[in-house]
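Following this line, the structures themselves.
In the two complexes that follow, chain A is the common piece, with chain B as its partner first and chain C second.
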Partner chain A sequence: MEFPVDLKTTSPRETEAVGSELAECFVAGDRVILEGDLGSGKTVLVRGICRGLGIAADITSPTFTLAQRYEEGRLPVSHLDLYRLEPGMAGEDPGVLEGEFSTERVTLVEWPERAPLGALQPTYRVSLQHLGGDERQVLVECLS
Partner chain B sequence: MILAIETSCDDSCAAVLTSSGDVLSSVVGSQVIHDLYGGVVPEIAARHHLELLLPVVERALAEASIGLADLESVAVTQGPGLVGALLVGLATAKGLAAGLGIPLRAVDHLHGHVAASYLAGVPLEPPFLCLVASGGHTLIANVQEPGPNWSVVGTTIDDAAGEAFDKGARILGLGYPGGPLLEEQAKAGDPDAFDFPRAKGVAGADFSFAGLKTSLLYAVRDLGEADATARRADLAASYQAAIVDQLVERVTRAVDSTGVSVVAFGGGVAANSSARLGLTAAGIKLVVPPRKYCTDNAAMIGRASLEVQDLPHDAAFSLDAYSTATRAGR
Partner chain C sequence: MSLLTVGIDTSTFETGVGVVLPDGRALERFDIPQPGTRPAHSSATLRMLEQALSDVGAGFDEIGRVAVTVGPGSFTGIRIGLATANGLALAVGVKAQGASSLLTLLRGAAALQQPAVALIDARRGELFVATSTAPQDRFALPLTEQTEWWQGFPAGAICIGDGAIQNADVLTAAGFTVPVPSDSLHRISPIDVCLEASSWPEGVDVAPEYLRRPDAVPTSERGS
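Moving on, here comes the complex of A and B:
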């Protein structure tokens, strides 16, 4: 995959396929930030990444649990959604998410702006944009 | 006496039950913050399990009027949930069990929600179905016998029902947590004003709420900010109706496919009166535990622990948390 990737998908299936292809580039310790409005397909793209890593489990939203782990793929994955946290994780026990950022894992982070500044050190940024209907603009940048 | 501990997500919870499953106390973290910090409550968010759990345990013992020496076993949530949170509960439970020389029992969080059905105050025995609908989970369990070996008739393939409520409220600008706010707003609206999808393409008793969320987003965009605000009650009512209709349809399908007619309803969404009314109106024989046993709590973990075995000594010490419940794993 050549970065940046900038393309239009016309269905959730296509967005998922982009995720699967992207997963082939990942190594342990990669941290991917995912940006895009509600319903822009972040979870669909994460499902694609997990399928690409050989994870067959149902991929469900981590909005309430904050983090979901998937251990059975080529690389272990942590899928985080920090929406429910205060900016900078104010008032939060920082230890509660520590394990999710282990260098042995691939960490996928939605709402990364809620994490403490500089703590994330992302290696990829994925931006998803609604184009109406099932169409999405998908931009993937390599930051490392 | 059983001490139960639950720390799978936001709340540090502890409960004391008798060995026959009567709940003597059930305490959540927010109840001890005032005790700990006096009148000045610090800016402490949820998930401070490390600070809150031991005071919560102490309060649960005090409210049950017992001491540590009266305990005969410790029950703890092993997963699914946030691993960093679960580990605090597991370490505390292991320490207490080892220190007191009593057995440890590991409980699945979802088994806890199913077992909460027995805390509804009405006689209930398998077979029954259990709809668990919360922020983090949505599934229908088929309970054919007491114990953790229930099967899953249907589960969400994307978002949970409670999350659909909260994200809908977010799109409508109602604030967080949005479930109760959306329900309040919906009371003044017309549930037929907007035609939101019911996930017709999803087979069997499985749920899907991601498409519904997106259609609300588009409806709000198409209306524009002024009209969307003016018609907020109609949007909320129609959106809630779409969630409730999907719950009712899937439960009805599960009743038809299993031949089991009694349905327990747990998880935070059970507090939504429109959901309870919808299920009852569809002719479902509904059993709903009190609200304090629907949201995350330790009493349900203690009740579930009556249905699992003591862990052997070595396994108790090496017990590790798990994050996700896969369908295969169930």
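Moving on, here comes the complex of A and C:
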């Protein structure tokens, strides 16, 4: 995969396939920020990434759990959704997410601006844009 | 062997743990972050609990009941508290029991001869509120949407909790009593958590009490 990738997908299956292909590039310690409005396909893309890493588990949104871990693939994955937190994780204990940013894992982060200051040094940025219906614009940038 | 009860509170900036012995003796320990620093729920809870157990000459294997505040309060703090309590409870073969942080605060003021209002900082310009006169009606109160947001509080009430400390000037001017910030009435007592949790329905899993509605709205449900 050559970066940046900028393409239009026309179905969740295609969006998922982009995630699977992207996963082949990942190494331990990669941190991927996921940007896009609610319903833009972030969870679908995460499912694709997990499938690409050999993870067969159900992929669910971690909005209320903050983090979901998937351990059985080529690389362990932490999927974070920090929507419920305030910018910089103000007023909360950042220690709760310490393990999720381990250099042994791939960390996928929704709402990255709410991560503890300094904890997140992203290696990829994925931006998803809702184009109506099932169409999505997918932009993947390598930041490292 | 008589078993003891442990109480955990991580619903505010502070971390509190308590141990109640079968003979009624009890102790509690707090981690109180310095101003400008962050809570230490994840690192302090088990460390303090281990120390508290050691202080009463007991070990984790003597725990027979686990009580924990379920919120409302700190989003991550509640998760840390519940996860810790569930882990401990699983290890000792019981189910954790929950207690509302607001009702636990009110319990601390129950002996007073005046109504009480528990106020916990909900951030985002809101307070979590419960009154001793209608404790079943716990709610999130946006301070910005109305100027006299304390209307509806019982007249002459004592206001307690970190939300009361933060708004002490306004509440005092409105005729309410707010103890000095160092007063223990403002603090959720882990011993009171043990007592409050005793009314938790048997066999029911502990789960967070949010009070505030989710603010995420699916794109399809948004107005134009």
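Here is the rule we use: the second predicted complex is superposed on the first by the 142 of 144 C-alpha atoms of A that agree within 3 Å, B and C clash if a C-alpha of one lies under 4 Å from a C-alpha of the other, contacts with A are read in each partner's own complex, and residues count from 1 in each chain.
To be clear about the criterion, contacts are C-beta pairs under 8 Å (C-beta built on N, C-alpha and C of every residue); 3 or more make two chains touch, one makes a residue touch a chain.
Just so you know, these numbers come straight off a predicted model, no measurement behind them.
Within the superposed three-chain model, A:Q68 lies in touch with chain B and out of touch with chain C [touch as defined at top]. Looking at the shared chain after the overlay, A:D93 reaches both chain B and chain C.
Judged by the touch definition given at the top, the superposed model places A:C142 against neither chain B nor chain C. Once chain A of one complex is fitted onto chain A of the other, the partner contacts of A:D37 extend to both chain B and chain C.
Of the two partner chains placed around the shared chain by superposition, neither chain B nor chain C is touched by A:C25. When both complexes are overlaid on chain A, the residue A:V5 reaches neither chain B nor chain C.
For chain A, the partner touching the most residues, choosing from chain B and chain C, is B.
Shared-chain residue A:A17: touches no atom of chain B or chain C. Overlap of the chain B and chain C contact sets on chain A: residues 37-39, 63, 65-66, 84-86, 90-93, 95-96, 98.
Note for the complex: chain A touches chain C at residues 37-40, 63, 65-66, 83-86, 89-96, 98, 130. Only residues 8-9, 42-45, 47-51, 80-85, 134-136, 155-160, 162-163, 166-167, 170-171, 176, 210, 213-214, 217, 323-324, 326-328 of chain B touch chain A when the two sit together in their complex.
Looking at the complex, you find that chain A touches chain B at residues 37-39, 43, 56-58, 60-61, 63-71, 84-86, 90-93, 95-100.
Those residues of chain C that touch chain A in the shared complex are 13, 38-43, 74-77, 79-80, 123-124, 214, 216-220.
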